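Before any comments, here is the structure.
Chain naming follows the written order as A, B, C, D, E and F, and within any one chain the residues start at number 1.
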């Protein structure tokens, strides 16, 4: 009965995608469920997966909203 | 000071309801708060309840998005 | 497929009980699962419940560890 | 590598603000990250902060949706 | 910056193992981090994984503590 | 009614301390509660704080258990 919660920022993986696509969500669900099956022998039908998409304003890193932090890190390089 | 978090899919309980209604949410809040009062003697005013509605694309079961999994299970019967 | 998470302090409901008992945990599980069945028509077998017991040092209320806050409130009365 | 999750109701701090502003979110992120640095010596760049805004219908207190509970408490005074 | 939380019961995968081993935990961490890399292109160093082991008394399924529920299901077959 | 959850590894801030001390926990609780008061005007008595200490085996970073990841990073410098 594992529960896997995946928290990611609400962003796309390519410039023309505003957010994670349904296909990518399905691939995340399949992928982590298979990890639980392979490592701990948990049957697929006993694993729940919850994906939480978090607005970039609501995600902090380095003491800053994440987009500001990324800009700061890019500027330093 | 209990905290009860209820995660459900964002779906209605009847075909004409797209999501959990405000009345149903109030009934969930009342119901679980009463369970904490009855079982652990926690006063109602010390219990917080948070309801999280999760899009069906973001909920996985059986290694699949939940709507696909339900269809698969229905087809097997 | 609801998931209900119940967070409570690791304390007993009577002076001779250091923590929530197995019977009380079973009553919490039964109680909240029945609320989900009654209000949202979720079958019992599709509901997961996770109880998290939190040490009183690790629970804050009123800007203080919870035992200090309770003492402060009791002293004010 | 601390993770700080802040759950608040989706409400503004002034009548003309429907929700927490981006500036307030940035101040929350900065504030809690600094607490982790000051108290536990955790570098800013190792702390993640996630802010979850919860609709008032989805937040329960005192066995009621939170707006109903606040009205009940105000009426008692 | 994904955060993946894996909740499992505190049980071993073989009769002589009382709980998930350190090797199995490392395999879970590697496995889910690779899924985030492969599906969403998230660099390994930006993913946090938290494994939460839950005592079987504290995990409910089917309205019962999970060990009781498994016994009930096994008896029905 | 904010809820702040702080997840940290179960480690001390000095070689002779095996874990976060009660004084440090109290300082975390006071600190984050004051941030909520200052930024969002939330009264101290309406904020709950929950500190979750996670064993280092159960925390992953960079696709590895966190102690292995730190060693790897230290070796690279």
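We adopt the following convention: a contact is a pair of C-beta atoms (placed from the backbone, for glycine too) under 8 Å apart; a residue touches a chain by one contact, two chains touch by 3 or more.
Bear in mind the structure is a predicted one, so any value in this text is a computation, not a measurement.
Q: I need the common contact partners of chain C and chain F, sorted by label.
A: Per touch definition, common to chain C and chain F: B, E.
Q: Tally the contacting C-beta pairs at the A-C interface and at the A-B interface, and name the larger one.
A: Top pair by contacting C-beta pairs is A-B.
Q: How would the chain E/chain F interface be labelled, same or different, where same requires over half of its residue numbers to be shared?
A: Different residues, largely: of all residue numbers at this interface, under half are found in both copies.
Q: Select the interface copy of C-F from among A-C, A-D or B-C: the correct pair shares over half of its contact pairs, counted by residue number.
A: A-D
Q: Going by average Cα coordinates, which chain is farthest removed from chain E?
A: The chain farthest from chain E, judged by C-alpha centres, is D.
Q: Please compute the C-alpha centroid of chain B, do the same for chain F, then give the distance between them in whole Å.
A: Roughly 29 Å, centre to centre.
Q: What's the distance between the Cα centroids of chain C and chain E, rounded to whole Å?
A: The answer is 22 Å.
Q: At least two other chains touched by the same residue of chain B: list those residues.
A: 1, 3-4, 7, 28, 32, 48, 50, 59, 61, in rising order.
Q: How do the chains pair up in terms of touching? List each pair.
A: Here the touching chain pairs work out to A-B, A-C, A-D, A-E, B-C, B-D, B-F, C-E, C-F, D-E, D-F, E-F.
Q: Any idea which chain F residues touch chain C in the complex?
A: Per the stated touch rule, the residues are 4, 22, 25-26, 28-30, 32-34, 37, 44-45, 47-53.
Q: Considering the complex alone, what residue numbers of chain C touch chain B?
A: Chain C residues touching chain B: 1-9, 13, 20, 24, 27-28, 31-32, 35-36, 38-42, 59, 61, 66.
Q: Under the stated contact criterion, what part of chain D meets chain B in this complex?
A: 7, 54, 57-65, 68
Q: Name, in rising order, each residue of chain F that touches chain B in their complex.
A: 1, 3, 48, 50
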